[in-house]
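By letter and in written order, the chains are A, B and C; residue numbering begins at 1 in each of them.
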């Protein structure tokens, strides 16, 4: 067995409600390993704890139980070896594109000038050359997420974390962005952990798709995607692709319904 | 509520049926807002003027536009007015600047440290809700009836508004952006300068804008209560001597002072907020 | 970072469940605990500075002296007269301003032409420091109840009217289109779309107005009156009775807090349908 780079063992995140003393498990004994150069997606119904998990991997939240190691080193907080592409509207609205991309480098102590210089290739990489001095509000949703991606890549992390980065985009823009992400990934071959609730997005992008159950989030299945790369968008209509889609949908359907029922209870109580 | 006009970023678009109307009617419909607004102003002033000339309105108590204008013309030539203006202006500026200079940093500090915020919250709310006029006799007791009593009351009026708005600005900074910063291991200082400060600037400026009105009320209250100079004093004297026109001219001057102050803060706002989308802002 | 929230109220990190009970209690009631602590410690510090003699008693009096003065005033009965006079002036003027202001705001927000006529006036008068007119009002209406009621009316009217008007204008155009598409009558549109959308704005207008109006009453009472809390403060000030002055000031402060907090509660009550903002 090859040495896994990212190793998560029995990660739990548990909350409790002070008034009633009731406990609530958000993530339940989640185990995961990701190898060097692997693109892994975590797929689950909304509210299953997948975003909580990726925040734990980034070090923004600390797990209540379990252990995470990256390259053998225990994860205790945010670090230079990881960076995150956040969900939409997480760019600093008061900074231009170039300063947004340079942010991580500035945090590492580089001067503004040097950080900007080192950011330029990443702006070029995501195809935003010429937009360096625009403010986020002047960009479309797709372009904003390219900036987000460039910001995360600019610090040259070992592990790239992506928390539903395309969820707020319209269907067509999303497809284009998925394709571009693969192109960029092809060039860098970084280890990627990608969170999504879109089945086709997970299959299209990943080497492996991890299916998570409804709350409390547990590992349900670990599916290897055997579709050769480079992949073009039309593989989405390939019979093999559709087989994977069916397989995952069957796994997840009952979970989605469970989530919806729980949501209804919450809504009626409010 | 008819949706006769749709607006685009460039210029106004009108229903094509407008094109067929007679020119005068079309002109009226296009400029209806301005025309009706102007008419209502002109109509009111005419009514006031004619009413007081014809004796339906007691000019003794309510003056008339022409009388106020005349009073203004006389006053402008009076050196006393300029010294009054200067005194009221000094009180406003000194009290306001001091309150802003202390209030903004303090508000940010209190907003940043949650426990400190909880600790001072009751007193902040109490002082903000307290009508500061009520402290006028107390302030006179502290610093006498001179210019300092007005500066103190202006300060108290502006200070709490500024503190509370700055505090609120810091408290409402976008959680997601804080996550981004900590994900990149930004230092506390960097988080402060790149996330907290830019995010709370709009609130701070709103507080400063509100503070202008509060400060102006402070000047007025202070001068009406006890003074021997300033626009408020001029208003007091005018009311005691039944010079209503002069009194109303004083009110007009104060309004002007307020408008100028607010516009100055607006200019500052425009300069600072280049990153904010322009369409439909405010 | 430790808390997440769902529909069921606040959730804490489970690790907190294990700590000592008093620390858990503190974590849940931190805001209240620190608030009470802050309030009490300022009072204690105030008392101390005066007792030790760092500050002259005549400048700020002291909490205990103020309390004694309050009891004396309350026993003498004059306090209640003064409170009720101020309260009556305030409530009368405020009520009339609310009725008139809301009406003007609704008309100015709903009818396009009325808006064109009213809007420049409202913005001009909103910017005018209306308390400058207090001397004139006293001159015209005298020093009795009616003058103060009018001052309250004038100082609160424009906040209420302007806010109501903005409320009507910021109603979601889509909701109006839905109502119109279903053929709702004017009255129904008013009841089901305009009113629910505007009430929060009206109430925040009232809250703003209450602050201004309080300033108005007190100023009018300071300048010319023979009863009311402002009158009481002024009288105490001229006899250098600081404790008595502070009784009036603090009472006005409490009244201001009560009024603001009360109106905020009502505002929240009318906004149950709005998703709560997460802190």
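Keep in mind that, in the parts below, a contact is a pair of C-beta atoms (placed from the backbone, for glycine too) under 8 Å apart; a residue touches a chain by one contact, two chains touch by 3 or more.
None of the values given here were measured: they were computed from a predicted structure.
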{"item": "Target subunit C, source subunit B, minimum contact steps", "value": "1"}
{"item": "Longest centre-to-centre distance from subunit C, chain (CA-based)", "value": "A"}
{"item": "Computed distance of Cα centres, subunit C from subunit B, in Å", "value": "19"}
{"item": "CA centroid of subunit A to CA centroid of subunit C, Å", "value": "47"}
{"item": "Subunit A residues counted as touching two or more neighbouring chains", "value": "60"}
{"item": "Residues of subunit B whose C-beta touches two or more other chains", "value": "none"}
{"item": "Touching residues on subunit A, where the partner in the complex is subunit B", "value": "55, 58-60, 77-80, 83-84, 86-87, 89-90, 92-95, 103-104, 106-108, 135-137, 155"}
{"item": "Parts of subunit A lying in touch with subunit C, wherever the complex brings them together", "value": "14-19, 21, 23-24, 26, 52, 60-61, 64, 266-267, 269-270"}
{"item": "Interface residues, subunit B side, partner subunit A - complex", "value": "176-177, 179-187, 190, 194-195, 198-199, 274-277"}
{"item": "Residue ranges of subunit C in contact with subunit A within the complex", "value": "1, 3-4, 6-17, 24, 27-28"}
{"item": "For the subunit C and subunit B complex, residues of the former touching the latter", "value": "30-31, 33-39, 42, 58-59, 110, 112-113, 116-121, 127-129, 131-136, 138-140, 176, 211, 214-215, 217-219, 222-223, 229-230, 233-234, 236-238, 240, 242, 245-246, 248-249, 252-254, 256-257, 259-260, 278-279"}
